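These notes are about the structure you will find just below.
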Amino acid sequence: MVQDLSDKANLLIQALPYIQKFNKETIVIKYGGNAMVHPLLKDAVIKDIVLLSLVGINIVVVHGGGPDINDMLAKIQKESRFIDGLRYTDQETMDIVQQVLCGKVNKNLVSLINRVGGKAVGLCGMDGGMICGVQLKKQDKDYGLVGEIVNINPEVVNDTLDKGYIPVISSVAQGIDGNSVYNINADTAAAKLSVALGAIKLILLTDVRGIMNNVDDNDSLISQITLEGIPLLKERNIISGGMIPKVDCCVEALNGGVERTHIIDGRIAHSILIELLSDEGIGTMITKG
Amino acid sequence: MVQDLSDKANLLIQALPYIQKFNKETIVIKYGGNAMVHPLLKDAVIKDIVLLSLVGINIVVVHGGGPDINDMLAKIQKESRFIDGLRYTDQETMDIVQQVLCGKVNKNLVSLINRVGGKAVGLCGMDGGMICGVQLKKQDKDYGLVGEIVNINPEVVNDTLDKGYIPVISSVAQGIDGNSVYNINADTAAAKLSVALGAIKLILLTDVRGIMNNVDDNDSLISQITLEGIPLLKERNIISGGMIPKVDCCVEALNGGVERTHIIDGRIAHSILIELLSDEGIGTMITKG
Amino acid sequence: MVQDLSDKANLLIQALPYIQKFNKETIVIKYGGNAMVHPLLKDAVIKDIVLLSLVGINIVVVHGGGPDINDMLAKIQKESRFIDGLRYTDQETMDIVQQVLCGKVNKNLVSLINRVGGKAVGLCGMDGGMICGVQLKKQDKDYGLVGEIVNINPEVVNDTLDKGYIPVISSVAQGIDGNSVYNINADTAAAKLSVALGAIKLILLTDVRGIMNNVDDNDSLISQITLEGIPLLKERNIISGGMIPKVDCCVEALNGGVERTHIIDGRIAHSILIELLSDEGIGTMITKG
Amino acid sequence: MVQDLSDKANLLIQALPYIQKFNKETIVIKYGGNAMVHPLLKDAVIKDIVLLSLVGINIVVVHGGGPDINDMLAKIQKESRFIDGLRYTDQETMDIVQQVLCGKVNKNLVSLINRVGGKAVGLCGMDGGMICGVQLKKQDKDYGLVGEIVNINPEVVNDTLDKGYIPVISSVAQGIDGNSVYNINADTAAAKLSVALGAIKLILLTDVRGIMNNVDDNDSLISQITLEGIPLLKERNIISGGMIPKVDCCVEALNGGVERTHIIDGRIAHSILIELLSDEGIGTMITKG
Amino acid sequence: MVQDLSDKANLLIQALPYIQKFNKETIVIKYGGNAMVHPLLKDAVIKDIVLLSLVGINIVVVHGGGPDINDMLAKIQKESRFIDGLRYTDQETMDIVQQVLCGKVNKNLVSLINRVGGKAVGLCGMDGGMICGVQLKKQDKDYGLVGEIVNINPEVVNDTLDKGYIPVISSVAQGIDGNSVYNINADTAAAKLSVALGAIKLILLTDVRGIMNNVDDNDSLISQITLEGIPLLKERNIISGGMIPKVDCCVEALNGGVERTHIIDGRIAHSILIELLSDEGIGTMITKG
Amino acid sequence: MVQDLSDKANLLIQALPYIQKFNKETIVIKYGGNAMVHPLLKDAVIKDIVLLSLVGINIVVVHGGGPDINDMLAKIQKESRFIDGLRYTDQETMDIVQQVLCGKVNKNLVSLINRVGGKAVGLCGMDGGMICGVQLKKQDKDYGLVGEIVNINPEVVNDTLDKGYIPVISSVAQGIDGNSVYNINADTAAAKLSVALGAIKLILLTDVRGIMNNVDDNDSLISQITLEGIPLLKERNIISGGMIPKVDCCVEALNGGVERTHIIDGRIAHSILIELLSDEGIGTMITKG
């Protein structure tokens, strides 16, 4: 038994160089998908966040909340129209999006973090004027209150980190072109926040293993690519579909000074911890070069 | 015209002794009722808050949100059952309460404060574990997820005040008797927060003029009473109905060390400013003695 | 009456954007003339200063003290000789200037500010070595102990602002060309201090309405001019006589980085407040361009 | 020569234990008499103050200014009436007292300290509301604007010490029984300030050697007495005349917590330094017991 | 493989509640015996210390150094005389003790900690006057320069912790009864330091499993005892021989306010980590009751 | 006697301008030679250090320890081999060097400083990773563990100065090319530390008067030279032998930004104080130009 305990301790010790590397650094985690729905996975993510915060890493959580929004829209029997894959967001929909994200998903995450001994504060783009947006305009199409970010003011995030809290952030923006609130993409918000905060790492939790040469073959995972390798992978449709915007967020973060970005599988318990505190990355890491 | 300008300046100067009196002190404002519904009144309250914050007073806003909750419940065709005047709160109702309060009403207030140049952060009882509650038990009756406060941890409020923000707080509590979130009374939350924060003043915005000898006679407003005067006024039904719990909140605050409490009329534009920065109190002030 | 109170509150609210604009900024006020002699005007100035300080503006007061100096010289039956409009200042005169400015006028202002609840400290150019001067030399003429400023060391002013005091400053300089103390022009001292302190505003209180097209016509006040407009106004004698050195002080401040300078009428009660906290400037504002 | 230099260095080293003892402590020095008039003695005092400040002792200087006041009163041909040894102080006299003390004597001291490389700020009882007084009432006699101290607010002194300045303080008080300024005894002010500041030492510079058994015999100096020895010395007229109020100030300081008080001879160059930095006290030290 | 990684991560997560419990607390570790001699064990201890320091625990290391001292004494062919089990320490021996402990063992530990990325500073009882001792006197026997501690001044330890260092401390005391340096027992020094520092835990690394009912039976380890259980265990010789002074050190620490003390087996790799970050204590824990 | 005391005080006053000049500056003193051996000289140096520290100068002491090392090597009958004047340092020798320097000489200095009321901490190149070295390589000769400095990390020195300690530093380096510790030249360490700390002065205590035109003629001391004068003095053999590396250290310090360097005579009591606090430099000062 003693040997067994020593082995366990040895595992902890293996995390030492990683903890040292990230100590006092900021890491932005985009939290979404299965890891947000499945209770056991959720519990694992929350504990990962609290542990990482406790070993001296500034953890910033950005979340979406698709399923809860859909549930609520269904409850009020509101049907959504989609344009180019984007939900047309009228005022009634926006109200639902805002209250579900900022009031339910966000505060429930805060509550979960508190319950395992962390210290979290739930924020959204309106708090301290953090995320400023305007209406999205693409080829003169009208998506309603879908917005794009024009400015990030990270002061309120830094203030809460400074006071020892884990900021949990809903991806909703305060409009600067009127009194509106805008629905913004959470991946994009996470990427832009990671730049504004001078983070060293951006982690996108997804429902896939990462970028794969062959999506049907788990062994075909590409562990690491650089910026310059991306165009070819897009050309060959290895980066395709929903992976394209995620990779684009990573590119934006890297160009903004973030050192490393990771697309990892939220369906694996403790995937964040594994990615951060071991050599065995389990997703795809994208670096500058 | 010059005389006119001097007269205006003189009015500003009359506020000087009040600003001096409250400088660096904390004042808790329970915001609700008409002042939260009517756009012009809302605008006046927001500006009052920003101005008071700017002249060096620590303003803490606690809000309820009845009408918005009702609207949302109506939208999902949820009927509420009332027990002793309290809404029986099942899990579905509680979800609506939480998301409307913390996600809609709260963040909209934050946004409004930002838009007139203030610096606000929207919090709820879960953030930083601020408000801890248990299920309300009165004579073994079951009100569902209606809660009562067992502990206030004001750290997160002080941290945000310390960093120069106006904390705006939704009256929802984190359960310590399970994983629940509880619906709590906003007046009570404001009273207990005013004690925990060492506030000098608690202001309850209502839809009446204050405590009145005769509710039909505006001139019968009682401007000031002390703790010891309250029992008689209750006996005589001058304090009655919905006024009773409000007065009880004031009593709790006063017994906890708050210097003065005010029940004022939110239907009058700038009633907060008038009450704070002039001799002409326009509501009822309750003091210890 | 309630409407009346709301109107008053509205007036306060109108000051909000101005308070926001000047919050945490430094404003240097040159205080002199009638506003320093007439008790009611004096009282208004003092209250303006305390109010502005309380709403978060760093107020620095620089004062002269002509009439009190004259009274004291008369008392000791000392006659003054004037050269080019400057009082020839022998050692005995200088002693009187110093003691009246630093000991009487200065400390009485401090006392008045304290009495309305402000927190002032009375300083002069010698304190902390703040204002360093040499003997004025113009075309080899000898003006005795009239000095000109060669260096401003703003440390002691910043230290007192930092500790929350309103510094009140007598325009007397410590000589660096010997053991002398020099009599210096208060307008110039205010202008140079505004530059050294990185002030955003310099306000000169005078006994005229401002720069006027026709001094006999109150309606001919020029509300705003820029640096480039000044030469023409001098040429046309619209800026002439005692107004020339005042305008030159403004020019020096503007060239040193001060954003706006104001020549306002100290004979109007609360002219400082009116100028700062309303759109209706009542004097002449000179800006860079 | 080398031996000579080593001897000199040795002298410096002998000051070491005294510097260690007083490091970071506060010492109040009442400066007056000959040491304030004679240029060489003045120079010695100034240098003592700067040196002591530099070796880490918080030096607070309180000064009177009798001769300069008399000169100025003579200049305006004002005759003084004395009641029980106290100058009856009418408003005109008070103005002279204030301006000479706060404007001339005080600021000249500040200037002298600056010139030898110290960092001084000149204050009086009005600055920051430091010394609050009322009209002196003794057996219903009227002494005009002679005041007595009712309260010391040491905040402004601590603030200036905190920022590294040597505060130089004129003994003039702000009246709390009206708008008056009061002339107060400098010894008393020094004693009360030493208590309010938590000083470990009060030093009164005088024009005598100390308390002497026989005033005509320099060798009869009493080097040290305790509180309980004082009544007998008074009885025997060894403490008599002008020495009585000085000893009473020491008693007040000692009873207020000051550790040691010293009555030393300002006519001896560097008497402060000798008293503080050597075993050979050259005046009379009064201790608690 | 993914499951394997998740299992590893799960192990890290199991440490979470312990890390939370000790966060920002101080733990004193007496380091000695085999764990200081065997390279692999030494490496494990060093990594444990760095990891614990990194997760926010204030680690203070106190060490002895018997074997190295013996080696050096052997080298200079110095024979030691023992009195009651204590080495009689003459001046020559003391010099060796001091230089081996403070110069070799201490600085080598510091170097090892640095090499795995920690930040250590090597101190001894003389640094900052931390440990003050006198000559040990027991029944008038003379043990030479063996000392006992009379006072701990923890300032220098707190200062280094405050600046983020791991203080490594040699158990040598500065004599206050002359110019001597004294050889002091490292267990005692650790116990007294844990009290002076307000530590929550004292850990003694030994070469045995802990307190055992039967020293020949590994399964007879007593995992936990309280203060009141100790006399009986001594009576029964279960606590006997070299274990007695170790248990006495624990008693002293507990009586001084330390919460828990641990006697653990330094021959087990990572025994510190196992004891601190898991439920499975592997030594004997002594608590107050 | 009074005159005598005044004269003494005057001597203290003469130190004033020097104390002012060095206040809050850092001075590195290389301590070695006779001043480290002779008890009276040692006592004088220690008191000089404590006094200078007390008057607000940041004193950093770097020491060697030749005689003690030789004594210890003799005791273990270890003979040293010298190559080009450098002691070939095998592992056994290095162990002795380290333990004598860091454990004996260093901590004894710390103890002496404490005993006269200073506050010292003993450090070496390993503490906080302060001095990083590699094996010395000169023309492929092997000197064993003689090292040269590749990097100074002054953080731990600044941290101890910041907390009010006098850091006393042994010239031993942590190897970055393996696990070794290296023996490094103390003069060089002092010079490189003076640069890394931004010191204004480097003082090398030696056993000669300074640089002398004729070593047999005490009156031929060269009081001051500049960088450009050095080549000629070397050419003329006026700078020769052991003086060459000392002068080279001064050159390195001057080129690194140190203002003045001094080679002074440690055989003269208080030579440090004399050099710093008087005009009469008693050694050779080397300045940039």
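Every chain is named by a letter (A, B, C, D, E and F) in the order it is written, and numbering of its residues begins at 1.
In this text, a contact is a pair of C-beta atoms (placed from the backbone, for glycine too) under 8 Å apart; a residue touches a chain by one contact, two chains touch by 3 or more.
It should be emphasised that the depicted structure is a prediction, and the values quoted were computed from it without experimental measurement.
With steps allowed only between chains in touch, the distance from subunit C over to subunit F comes to 2. Both subunit A and subunit E are touched by no common chain. Set against the Cα centre of subunit B, the chain with the most distant centre is F. Each chain's centre was taken as the mean of its CA atoms, and the one lying most distant from subunit D is A. Remark: subunit C and subunit D have CA centroids separated by 35 Å (rounded to whole angstrom). Centre-to-centre spacing of subunit C and subunit E amounts to 68 Å, using the average Cα coordinate of each chain.
The distance from the centre of subunit D to the centre of subunit F, each centre being the mean of the chain's C-alpha atoms, comes to 45 Å. Across the assembly, subunit B contributes no residue in contact with two or more other chains. Taken as a graph of touching chains, this assembly is arranged as a ring, one closed cycle with exactly two partners per chain.
Touching chains close into a ring; read starting at subunit B and passing to subunit C, it gives B, C, D, F, E, A.
By the touch criterion stated above, subunit E contacts subunit F in their complex at residues 72, 75-76, 95, 98-104, 106-108, 110-111, 114-115, 119-124, 126-129, 156, 159-160, 162-163, 165, 172, 174, 179, 181. Across the interface of their complex, subunit D is touched by residues 1-2, 5-6, 8-13, 15-17, 19-20, 23, 44, 47-48, 50-51, 54-56, 116-117, 268-270, 273-274, 277-278, 280, 282 of subunit F.
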